[in-house]
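Chain lettering (A, B, C and D) follows the sequence in which the chains are written, and residue indices restart at 1 in each chain.
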């Protein structure tokens, strides 16, 4: 039997990139997922394990982040064209395909105006309600599920204890992103359930405006604001995963990265859960 | 060894319910997912297989749909309270929990005004772009992924062939719902990529306004409108799954259902895929 | 501007089909997901809304179930060939594509031998453990997540109360399928954690062997068996979603369906959750 | 209004950990996902942004990897107990919860015997078949979807080009993991479709036995082996995502890591796709 290589391509998928444009207020964010695929004269890689012409997919990833440093990313087609041209110029490459998905974010409102640093992924999350009914007691807990929020500044994390397993640097200015799930208990079955809109507004505005020293710190402020927004509720419970955005180290490529180019990560994530109660 | 039953509960989860309020223009829709869980004196079910007190979970589902017929569903807390009260009144039930998730929809815009019958799930879908670059040729294909759309009227499906496997009734007025994925090819690398906003508007407005005889019929009209919206593109490809909404048969419960209460289903689904080209 | 229809196809996706071959012991099951896509002279559907040649995707679904009645389904390629030939023979169809995914199931073991009626989806589920440690108390809870089980007989559901919302028929013989999540509490931190294998075997063997009158009934028997399998544990908690398999009504096509051809459904589902404790 | 902090906890979720025990042949692997949650006197974190007692969730993650270095991980309960004891000893912590999910892997067979270095995630993947039928031509393509494979050695990646964006080190010995999707074209509609078992065995045995210089290199060998296993097929197409396993840097904690403790990552991933044809 003889075999031969047919159609083939390879590359890197799901390169997650968030860029913050901070040069002036208000900040702007761009959220991209990039895939790179190359075709060309790659037969020796397959048939002989000869990697001489094999651009590492790790290098593709680095290239995407490095190119993102100097690009405003206001047109994904132009960014894809630049990347494709770069990859096509590599030895052995006959065709380069760069595919980008751009996730839209909306600016959060605060005090009736768009907030300069805080954003919400489009899709407002779902409203929830759970009624538990026993002969002697009825409980109404309402809430919001999966509201994805991000702020580009006014978030620090410092002063935490350092033991022999601690490597995290202190930071005075980081991205804070979460997918908020909230629930609140109504004082009675005759409460004004229309309060949910005001509670939602209070949660989002506080997320935007808070000078955060930790997710826990912001959670508590959000809880307080929700309680202040409506007398109808007696407590609020918030679950805030910390969706880490890691600053990319661009120094190996001779570039700085002044808090602009980030990797959005899914795993692992911090998870903060607490109830704030009216007293 | 002796064993005994501890904490226990049972019920029905993921009851998918869409209600259209048609009594006047504009239509309104409510999209709920309901879970019911009961606790009580259910030991004989577990220990002896005695189902005398076992409200079937299928009955719970029917109850949710029947109650939805006469409820405006403008307050999920009140709907949950009514359901919980009903289930608590069943023999053996000591506690009923009804949890509801409400998925928000936005009204589509058409001609600058909110459309009376057409809706979009919040979250605008993602923008996409794919550049394929070879020495002799560069192709730029852009698009939109996963834009969830629904219209409550102006959609028919009739006149299709009937063979011995056909059971589907003809309909002059059904819900049409889809999760649109679209892509279009730009005429050149110097095209105006800003055209994507106009193309998106044309696709959505046509979905809303079209007098649909089938998904295929609407797909073609959407494609034509996209081509008309921008000279920068030479074709548009649309993938439109048909997310079936099935009218619930409420007659067993002595109720009519004048095109109001539907089950939203995920599987199976129709899938329509076509390219419309400029000529 | 003039537009014209380019490449196009349509069809039905995710047709979920489970067939039980019962003609002799042991039973066998086949679990398929079928997609049908047609190409052809369908331009009038798109351009004029003329459905004369439009085989309804609902008809495609019916056809798949009807063909499954008389086919042993022991070769998915031959089943796809038969279906494709049928669809190609319809007016206007120039090309039919039938794609099938077959999900493998393993026979459960009971008493060292393969069980004639009980099956497990390959993939044994994950082992879990959760330690909660406070100064005064340490709790060790271990378990299993997402073990997908199915039995083709020895499962009934009857004798449940009938109210005005009840439409479910009583049944003496149905498919019982679930995705088991189990957890058990160890009596102490010095327990024999190697007991997990015996507990797992007891849960699976009891699922297989039990003469089930309801999911609750089988849950309790499984819990008792787990407690009997190991003195190291003091309770066991089981969560058993009821993954409904609905018998397809083939009478419109002139066929019977003696408990053989089923639709596997994901939503809604029954959900049974209980703890069984050692006393 | 006054508010007060109620129930609260925080921690790190989805810490993905794969350990290879290499001390003797055959290798063994353990695949864990760890969640840590702490409760305690954390009020100042919430109310004042005082992080003095706030063990960083990043430190929790580091601790899990460092503890994994010296633990055989043959009992997830004992590993969770050790971690919980460590976290409970931190200032302010009143309760520590460590939850672990262990994903089972099976040893691949090769030549009838269990392979010493190659593994398959339980669940054999699904079989697939797609028939495309036109009047003049019928094509039968069958395959396998989502077969998750891993080998702990006999995989290198070196000799690739280095440009200014390359940071990846060359390696002579890495983990190779993938989720294989394969498809092959039968020579005719009268082919022996029972060949699928032999083709599957050839793909898996070659994955296990191959001295890999790259995913591409192994892909080609697998394709050749599949063609050799059955004359019934004319080509085989393989899609092999490279599920990267990154060696954890334990030096900050005073530990070495001789190719033992890895982070399993989902994103980004390499993606290799090629057809091997009979000539």
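As a working rule, a contact is a pair of C-beta atoms (placed from the backbone, for glycine too) under 8 Å apart; a residue touches a chain by one contact, two chains touch by 3 or more.
The model shown is predicted, which means the values in this text are computed figures rather than measured ones.
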Via touching chains, chain B connects to chain D in a minimum step count of 2
For the copies chain A and chain D, the interface residues, called same if over half of the numbers are used by both and different if under half, are same
Note: chain D sits from chain A at a C-alpha centroid distance in Å of 24
Distance in whole angstrom between the CA centres of chain C and chain D is 27
Cα centre of chain A to Cα centre of chain C, whole Å, reads 36
Each of the following residues of chain D touches two or more other chains, namely none
In contact, pair by pair, are chains A-B, A-D, B-C, C-D
Given the complex, residues on chain C that touch chain D span 75-78, 80-81, 83-85, 87-88, 94-104, 121-124, 126-135, 138, 140, 142, 145, 186, 189, 193-194
Chain B contacts chain C in the complex at 1-16, 35, 37, 42, 45-59, 61-63, 66, 90-91, 157-161, 163-168, 212-217, 219-220, 223-224, 227-228, 235, 237, 241-242, 252-254, 265-279
